[in-house]
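By letter and in written order, the chains are A, B, C, D, E and F; residue numbering begins at 1 in each of them.
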């Protein structure tokens, strides 16, 4: 059984790598390299996987899950500049691939041992750009 | 090849377990424990998995699938109270986890032997709460 | 300039009029007359109409509007039974027409005199059923 | 007859008025006052109103409309910082109210005399925040 | 009070006017002039405007409205070729402007005298192309 | 890490198999067998699976992916009749199962060796009919 919860946050970012020349940055990121940045309404989906509790009929305690995701991610990313204001993204290029991987790693690191497994993190950057990190089960 | 069909039904429910004290019910289900119940527009997705028929170009016969799902689930859940009016949910707490598992079990039990496999049942309780039961392939 | 904010609440209801016979209730409301009730995820849109404030660039103070609508409507309708638990609907048939009209009347009655005008209340009962009350400007 | 076309652009902004104190800015704009800015995926709807051409069956020439809106707005707002990189917004607080009014004014000013009337500009800042400017017909 | 119901139908069409030269057809309709046609999933919204009935709490009898719209429009347009198989479109260029106007006219002509008023017909040709016919109230 | 991009095209088709009798065609395809055809707005999702590039923070080069999918599929299917105008569908019944499989095969055949893997092709024929081809990893 999988349970998915959707959250959202609005943030700005600029795609620019100090390891690339100006021409390479332009070729790689195009208009996303604009020095003044741009922004998105991100939708974050967190999926947990586990058995249904026989007593409560629930897979996860939703208020606890919401508190955890809100505290770790939403309240720290919402209405922020991802290049400048999120410590775990410092020095990284905040593509949504990187943002997804960093969010997955942060949730995974703090994930309580007795919770059902973190199955997947998915981010919708726009309606047409969707990124997904699935936890390696090996 | 997977084919997913979407159905919908509107129903009411109350989350309450007789095995829990009043305080535990409140702590577990919060406002969903309201004795008068509340309701949702549920979206039900049924996914089948199989090969494309070389003659017809179809994975499944859609009218047959629709008839089966409508007869077994939609017509029996739509505009009903899930606590009181759906026999297979009697005595269970109708969380959407339980509803998903019960719907999956009912479809699986009646699933014709010569149809492509039932791959997944997914229910959207709201736009932000999504539940999924995948058939164990072991 | 119009500004629309969307809110949502989940509730159950039963359509039944004591002024109608059982046969008339059935003919009028069909499966919505089910005595155990059913429910929906309602989406409530509140539209205000006014000029843009030259200093702040805003038509309305959104936190104040959100507080008002949440206190008057959302917190009182969400996860409730509309027949039994909302005083202003007592004795009425809680069709979404009636619910829309009652919500509009309640917002209008408590609407602060110095706010931009309440322009419209719209409720989505389902994706395909939409109800709208526009304030008479005469 | 009205015809509406939807466009979209992603941009960043910061809500801050130099005419307000720091405390007033914070009270008015909250987290939208974050000095590093944040961003959105904006959806822009442009509505024209006119008669159907008897020969072509069209109200407007869509390629011409698309070219006009893209050149005047989308290409100049997409992936930009609204505070710094859009000349007509310079010195204004780029609330979506102001952005809507400025976009409406710019489209109206350049609108070809022989086109069907510009009826309405509507912007979705998020799924739940919608702004609309209707041309005064008086 | 306005009530809107949504219906849908899938159909094919080709935009071509016999009154235009081949070059003019190409310039006016572009790829929509493809002689083999193309198609869309159309969404049809029908809005009625009236008072809430004091006895039933309804603006309109929905089953009657659904029967009327299905019989007059949906069953006759769904899975059809609009150029060839819909008599009232014969000889017309089936742009969605024309289709909207013809559907409005047909609903209006057959609209029962004792029903609440037909307020508006709106068609979504795609997610980004929306057409609307409002009944002239003069 | 998976990255999904959404594309769309509008096309017409007719479901008819020369290997079936008229009665069998009618029984199998129902109103989709209409000789004049009908049409849909198809949404095409292409998913790639790979590691995030350490230098650029990207899984795939989006402009290259967009060019490839647009050139191979979108520009060749959009505003076309799938029975008559798409060579790789010639002689096949263009059900969306077949269309999905053919699109997957074509993308797979031309997929550059040094790109991240093609993980999945999914097509939404309508909001309620979804088809998915996953590459066999064996």
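As a working rule, a contact is a pair of C-beta atoms (placed from the backbone, for glycine too) under 8 Å apart; a residue touches a chain by one contact, two chains touch by 3 or more.
Note that the structure is predicted; figures quoted are calculated from it, not measured.
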Those chains which touch chain F and also touch chain D: A, E
A-D against C-D, pair bridged by the larger set of C-beta contacts: A-D
Counterpart interface for B-F, drawn from A-D, B-C or A-F and sharing over half of its contact pairs: A-F
Chain whose mean Cα position lies farthest from chain D: B
Same or different contact residues where chain B meets its copy chain A, judged by the half mark: different
Whole-Å gap separating chain A and chain E, where each centre is the average of the chain's CA atoms: 42
Separation of chain B from chain E, taking each centre as the mean of its C-alpha atoms, in whole Å: 35
Inter-centroid spacing, chain E versus chain C (mean Cα positions, whole Å): 29
In chain B, residues with contacts to at least two other chains: 127
Arrangement of touching chains [line / ring / star / complete / other]: other
Pairs of chains in contact (touch as defined earlier), listed by label: A-B, A-D, A-F, B-C, B-F, C-D, C-E, D-E, E-F
For the chain B and chain C complex, residues of the former touching the latter: 8, 10-13, 31-32, 34, 36-41, 78-81, 84-85, 126-127
Residues of chain C defined as touching chain D within the complex: 1-7, 52, 55-59, 61, 63
For the chain E and chain D complex, residues of the former touching the latter: 15, 17, 19-20, 28, 30, 92-95, 97-98, 100-101, 127-134
